[in-house]
Structures are given as C-alpha cells and as structure tokens.
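Once you scroll down, you'll see the structures, which are given as structure tokens.
Here chain A shows up in two complexes: once beside chain B, once beside chain C.
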Partner chain A sequence: MSLRIDEIVRDVSDDPSVVGLIIYRVDGVPVFVRVNDEMKVLQHMYFLENQIRSVLDYMFNQNLNEISIKVEDIKILLLPITKTLVMSILFLPIAEYRLEIEAKRVINSLRPVLANEV
Partner chain B sequence: MRIKTGVIGFDSLIGGGYRPNTVNVVVGASGTGKTIFSLQYLLEGIENGENGVYISFDMDAKAVKILSESLGWFELVEAMENGQILVTRSHAENISYLNEDIIAYIEENSEGNGRIVVDSFTPLISSLDYNSRKDIGWFFDQLRASGTSVVTVEEPFTNSLSRPDVSIPIFLSDSAIFMKNIGYGEAFSRTLQIIKHRASWHADGVFPYRIMPGLGLVVESDLGQRFQRDDIEILIKSMKIDTKIKKRLSFLSKRGVPVSRAIIERVLGIYESENR
Partner chain C sequence: MRYRIITVATSQPEEAVKLLENELPSIDFHPNFGLIIFTTSYYGKHEKVVSFLKKRLKFDTVTFFSDGFGSERGIFMHGILIIMLQVEHKVFITGKGDIGQELGRIADNISDCDIALAVYPALYFPGKSSLLKGFIRDRYYWFRYRRCKSERCKKKILRKYSNWIQKERYFIPVNRVLRALSKARIPVASINLVPIEVHEETPLILYNFEPVGKNVLVVGLKDAELYFKDIFPERGESYEETKEILGKFFALKDEVTIVKEGNVIGEINGLPVKDYIKKRFELEMAENEFVEKLEKGELSAITPFGLAMISGKTYGSSVVGLQGFPLNFYPFYLEFENYFDQGLVIGEVFSQKPHEFVDFGEKMMDGSLKLFFVDSTSLLAYRGETYEIHDFLSGKLRENFLIIFSSLPSARLEITPEKKLISEIEPGIFFFASGTSLMLKFVIS
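Now for the complex of A and B:
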C-alpha cells in the first residue's frame, strides 16, 4: 500500500519546497511518512500527532476544506483525504499556490485508493 | 529456522516468521481478528504436518469448528477431529491465577515443538497487578519449553495499553503485534503494527490488513517490491570501504533485511564523517 501511495504523492513530496508529507489517521497514527528533511520534520511530527484528532474534528464538523498552520519558517497544510485520513504537507512557503493546486490534485487521486477497503 | 505464521504478507514483516520456542503476543480489541490470526497460525502448522494446541476461555471446540468452517478452513476442522489439533476450553471464572493444570496439559500434548495458542490470555490474568510479572514470566517460560506460542491479549476499550494485564504480557513476550480496527471500512481502518520482535529484525510502520473468507488475514506489505536484496549485496561488495563496516553491512544484507540503497549510503556517510 505504501508503494501505491508513494507513487501518487511523489509529484508533491518531490517538490524542493516540501520538507515532508505525512498521512495521519484520525487517532493520530501516521500511516504514511515521506520525509525530505528529517530534522525539520521530526520536531513538528509530535505536535501534529497530538493535534490531528481535533483538527479532523474541526474539518468535519465545521466543513473546513483545509487548515494551514505556520510554525517558524515552515507551513503545514492539512487536507482531508477521507473520513479518517488527513494529508499534511510540511513545506517552505516559497511557491505556495502551485503546491496547493498540486496537493489537491493528489488528494483526488488518493481518495479512490484510500476511501474503500476493496 | 523460522516458524511461518501462514498470515499472508505478515512473515516478511517479522524477518521470515516467528523464532522457534518463543511466546508471541497479539494485542487487539474485540473484532480485530486475533482469533482468526491464531487459527491461521494453526492451519499453517497442519499444512506442514505439525501438531497444535488451542486453549480458549471463551470458545469450545464446536465454536472453533464453526469459525473455521466459515473461513473455509476445513483442514482445521478435520485436524480437530483426528486429534492433530487439540482444542480445550477452560473456564476462566474458575482460574483466578495462572495454574499448573494448563501447563501440564500443554506439556503433555505439544512434545516441545508444537504450535500453541492461548486465546485469549486476558481472562487468565485480568485480576493480576504489576506484582504478578514474575508469575507471567514463569508461565511464558513453560510455554517456550513446549513450543512456539501465539498468545492473544484483549485491548481494553479505554485504548490503554498501559494496564498491567496488557503491558506485562507485551514486556515479557518475544514478539508483540498490535492490531487495530477503527471501523470505517477504509483502507487504513484495519492496521497492524509490530511492537517488538526479540533477536530479530522487524518492519516499522502501520500496515493495513483485510480479513477474507478462505484467506483469513492478508497484510498489505510491499516490502519485497520496494527493496531488492541482490542490489544491496552487489553494492556492498563493490564498495571500497573500511572492512569493519563492510563486515557489518554484509551481515545486514545476509539477514535479508529489506533496506534500500539510499539507507546504506546514508549509514556510510554518517560512519565516514564520524571516523574522518
């Protein structure tokens, strides 16, 4: 499964401005991790694991399409994929708009793979 | 030599199977597939001509047969009927403590190399506290002497793995896996994580699995597709590096650990920068 996800998200995760891409399950468990800059990503991963449940709660109950958080020089973009999965992209906001468009395209490709068990 | 579990996609995550004469804990809440995992482990044994013992505190032989038939594992039913697999149901309410009767039963029927399943261990130890670690250790030692065991442990609905009846078996076991089902029917709703595997490599990560009639548990592991062992062996042989690290890397490669070329190169980079 991680191989399939990796192939789909590569267009975003290989972007030079992206330091990491993590897919979290609703309980805060990271089910897929692609890290380009370990040191930068690790300090934010623990923070995200603890926040992800409430972030998902906000997204689904307030009908938010996305949430972005800025921490120091890193921007974290959280986009829901399915009812239980959220893709978080950690990036240096230098080409933000292009990355957001690309991320939404990736989400649409991931949805059929991750939404159904079959 | 490794003891294959028979669970498709799982053995490659624990280095080829369980180590012989070990106690292997499977933790999971109700409905995650612990019993199916256990029966699949026994089924693999039957297919290899091995004997097995299944000890339950909830299910009797009839219930186990019904479950096996529902999965299409008629060989398991046949093995129960011809005595290759022994199923016994103990009444947990009568056992407030680990007792020697169970051990005597296992010893009598396993001949030191059998496949043993205790499903689930929780009723046996639910009344115990942290002071009982020694007793569980003793019980596990007896199991090791009798064969290779799968011991299931129920995860409380409070999602707490820190309770003594969950954490002590995990600490004292040779391997532990954690099965979880969040119940949304999505690809990652059922997942499995390997908490530990003593004296063996094991994969890190969260692996989705399915439960299907006939196949039982199928773990979606793509480690084999991601890593090419031959490439790594050739890479290590061709490298002009310190013999000490070359020896270590050769050992890693021979153990069949799925590792990428990029990781080998990074390890070498760190090693060389430290020894510069």
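Now for the complex of A and C:
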C-alpha cells in the first residue's frame, strides 16, 4: 500500500521545491511521510502536529477545498483526499502554481486507492 | 487520420527514456508527423530524451517546450507529451532573409492545406553576450532619442531601433507573422512560445530534433480545422466604447498617452516606460539582476499589469505586459502602427471560470481529436483551479482531447467568428496577450 502511495505522490514530491509530503488522518496521526529535506520537515512537523487537528477540524467543518499556511520560508499546502485523510505538502514557495496543479492530479489518483483502505 | 498519444509523467530523463522504451514498440501504425512537448521544467535536462527519440522516431517531428499539458489522465506540469499522427502535412522554416518575405514564400506553399500552425519565439531571450549587445544598442538609440525636440524625430529613432531589434529577431511581431501568412488564405494558428519561466537561449524549438533558432516554423495540415476564442467581453464600435468595456472588465489604473513606432514604445505619459512602471507599480530591475535571473532561469516573462492598446482598424484591443525590464525603450511582440496613441494601464483580472478557455460549444462535440492550446497565464491566474479545465473536458468529451498550456495563442481566421471578439486587432487577426485559446481538430478515420 505504502509503495503504491509512494509511486503516486512521487510526481509531486520530486518537484525541487518540495521539502516533504505527509498524509494525515483526520485525528492528526501521520499515515504516510516522504521526506526530501529531513531537517526542514522535522522542524515543521512539530508545528504541524500541534496544529493539525484543529486545522483539519476547521477544514472539514467548513468544507474547504484547501488551506495553505506560511511558516518562515516554508509553505504548507493542505488538501483533503478523502473524508478522513489530508495530504500536506511542505514546500519552498517557488512556482507554486505548478505544485498546486500537480497536487490536484495526485489527489485524483490517490482517492480511489485510499478511499476504502484507511 | 490515425494517431497515438504518449504521456510521460516524470521529471527524471532516465525514467522517461525507460517509460518511452516500453511505450514506443506498441504503436500499430506508421505515423508520419509528431508533436513533442516537454514541460519547461525539463529545460536543461532534455538532451538525453531528445537523443533517444532522435534514434527512435524516423518521421517529421516538431518539438517545443510548454508550461504544462493535459490529457485524459490529468494535467502535468512535469513530463513529456508525444502526439504521433498519420496526417498529410508540410513543414517549412523561415531562412535568414527578411521575415515578411520568408513567410510570404511559405504562404505560397501552404495554400492547398486546410490549416497551418506557426510555431516561433515571439520574444527570444539570447545568451549573455547578445544580451549585453542589446543593452548597448538600447543605450545608443536612447542617447539619440532623448535629444529629439519633436515627436517626428522620436518616431524616426524608434523606427530604427524597431528595425534593428526585428532584424536581429529578438522580437518577431505576432501580427507581422499572421499578416504575411494570410496570403495563403487558410486559417493559421500561432503558438508563440514565451515561457512563464525564462532561460537563456529560449524558447527552444526543434524540427527533427535540430534547433530552428530565431525562425518561424510553419506546419501546413490537411483534414484539420481551427477555432479561436477569448474569454473577454465583446469589443465596442468605437475607441470610447472599447475603452469603457475594458475599464469595466479590468482593474483600471490610468489612461495614458503613448509614443510608439514599429514594435517599440518610447514613452508612456512622457516618461520612459521603465520609469513609468517604477513610479506606478514600484517595479524595477537592474541590468545585472536581469542577467543573473535569466542565467538562473528565475526570470518570469509574465506580469499582471498591462497596457491595453485599442486598434484603429477594428476597435479591438491587445495588452502589452508591463515589466520592470532594465531597458530605456519598450519593445514588444506586436507592431503598433494600427493602434491609437492612447491606452489604458490595467491590472489583469480573470473573472471567468477556467473551463471558459476550452468551452467551444457545439464545435467540440464530435469524435475528432482535439488539441486545445490554452493561454499559460491561466496557470498563474487560477493555479490549482486550472484543473477544472481537465475536469470539464473529461466530462464533456471523455477522450480524444489534449490541453497544451502555451503563451499567446493567437490566430488568423478566414471566417470571422459570430462574436465580435475584443482580440480581433486587424480584420481576421486575433491576439490579446492573455485569456485566449485555440482548438485544432483532426478528423479521425
């Protein structure tokens, strides 16, 4: 399963601006992590773990399509995959348009894979 | 017409070659023409794939870079799209002579085709040494220009600078290309490759895997149809009417007076364009910063601010993007002789839904293969929402469609569209600089 996810998200996570990609469960537990820059991801995972539950609650209650948060030089894009899973991409905000569009395709590919699995 | 499409969704050239090695043997017909599109993120690492394809594809191919592409599988910002066709076609490339005459010669040769596709660098970003030559020329003409006491003198200098910049082919004006090709009396699609992210010696266009340089490549095609649209309201019947329409649709900043000649603007409201931009938008870029950004591939050719010029021939309009480039003059990829000396400085607003770019109504509802060339500024304007274009086409057509995000889709049409498109700047010639798209249809046999 993890290999299948890894194969799909690679289209986004291979982008040179991406420092990491994490898939969270709605209760804030990370279920998949792909790291390109370990230090940067660790630093921001701490922030995310503290905030993620309230952010996800807000996102699902308000039925939002996406949320983006800027922390120092890193931007975090949160996109719901299913009703219980969210993909968060940590990236340096260069050519964001490119990343956002790639992310949409990856979400579309992940949905059928994850909908019934987690 | 038979066709086969291959999409490779990876930014790693080694992986791309492996994927192509698996895909290419499964082709069950003999293509005679191919369009190969690399995303701009491949620039600099495309050689490995190009040399692999050169060995494998033994038919006419045209290769260029675009900001992204889409197929039934989704929208890709990293990857390669290969369209292989069995279609009656002819390919011509301009030579070193006068571009108008060269295109006239090509027009004579394509008049028996159904449509033509012109692929060329409307704006060419040269290497460092040519760039410095360009800066010196700019200063040389500017020195003479600022000593002028009359507008006639200023226009004379602008004309000389315009002739030089076009002779060197740093700029190939879109309306000049379309006017010259109109001799063929067939619809012409114009794909002008000014990428969002600029590198030295780009745009790169290859014919049979060899660079065509600063030339116009023209493909004449049989059994194909061409449609053009823009997403803006219709133009007015007079300068005042179009001005009002533009003012309502865009974020209007200023109404200005311009001194222009050829494809060059000398002044906006009595100021050199770079000084006007600095004053109005606080945008400026030093020469060394410009060169450095170009070398690193961090220079963007797209801007949300523009100067809307109104055509005296049709009362249509085109927008000149306003960037803080370190030049005294402001050359552009349009010849300005048919435009009024007044213009509107505007901020770009796309209030339409993204799918408007590709909604060609009933004309798209048949079983043909459709290539949609969509203005790449839509990627910046809509970002993630651009995906709606794919969702719309998947819902409407399900299959047989491709989306190519390219700069400045423009056209010369034989039949004027029912709508009075604001982008019609000369009778039958359509250009706006953003918000436009083309649909090329190939009949499948």
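By definition in this document, the second predicted complex is superposed on the first by the 116 of 118 C-alpha atoms of A that agree within 3 Å, B and C clash if a C-alpha of one lies under 4 Å from a C-alpha of the other, contacts with A are read in each partner's own complex, and residues count from 1 in each chain.
Methods note: contacts are C-beta pairs under 8 Å (C-beta built on N, C-alpha and C of every residue); 3 or more make two chains touch, one makes a residue touch a chain.
Everything numeric here is computed off the predicted structure, so don't read it as measured data.
Enquirer: When the two structures are superposed on chain A, do chain B and chain C clash or fit side by side?
Expert: Superposition result for chain B and chain C: fit.
Enquirer: After the fit on chain A, how big is the angle at chain A between chain B and chain C, using C-alpha centres and going to the nearest 10 degrees?
Expert: Rounded to the nearest ten degrees, it is 150.
Enquirer: In the superposed arrangement, does A:70 touch chain B (first), chain C (second), both or neither?
Expert: A:70 sits against neither chain B nor chain C.
Enquirer: Once chain A of both complexes is superposed, is A:82 in touch with chain B (first), chain C (second), both, or neither?
Expert: first
Enquirer: Regarding the shared-chain residue A:113, is it in contact with chain B (first), chain C (second), both, or neither?
Expert: In the superposed model, A:113 contacts chain B only, not chain C.
Enquirer: Which partner does A:31 contact after superposing on A: first (chain B), second (chain C), both, neither?
Expert: first
Enquirer: Return first, second, both or neither, reflecting whether A:103 touches chain B, chain C, both chains, or no partner chain.
Expert: In the superposition, A:103 contacts chain C only.
Enquirer: Between chain B and chain C, what minimal C-alpha to C-alpha distance in angstrom results from the superposition?
Expert: 18
Enquirer: For chain A, what residues appear in both contact lists, the one with chain B and the one with chain C?
Expert: Comparing the two interfaces on chain A, one with chain B and one with chain C, no residues are shared.
Enquirer: Which stretch or stretches of chain A touch chain C in the complex?
Expert: 10-11, 14-15, 66, 95-105, 108-109
Enquirer: Please give the residue numbers of chain C that touch chain A in the complex, ascending.
Expert: Per the touch definition, chain C meets chain A at residues 9-12, 41, 68, 74-78, 197, 379-380, 383-384, 386-387.
Enquirer: Under the definition above, what is the set of chain A residues touching chain B in their complex?
Expert: Chain A residues touching chain B: 1-4, 25-27, 29-31, 82-85, 113-117.
Enquirer: Name, in rising order, each residue of chain B that touches chain A in their complex.
Expert: By the definition above, chain B touches chain A via 180, 182, 184-191, 205-208, 210, 220, 222, 225-226.
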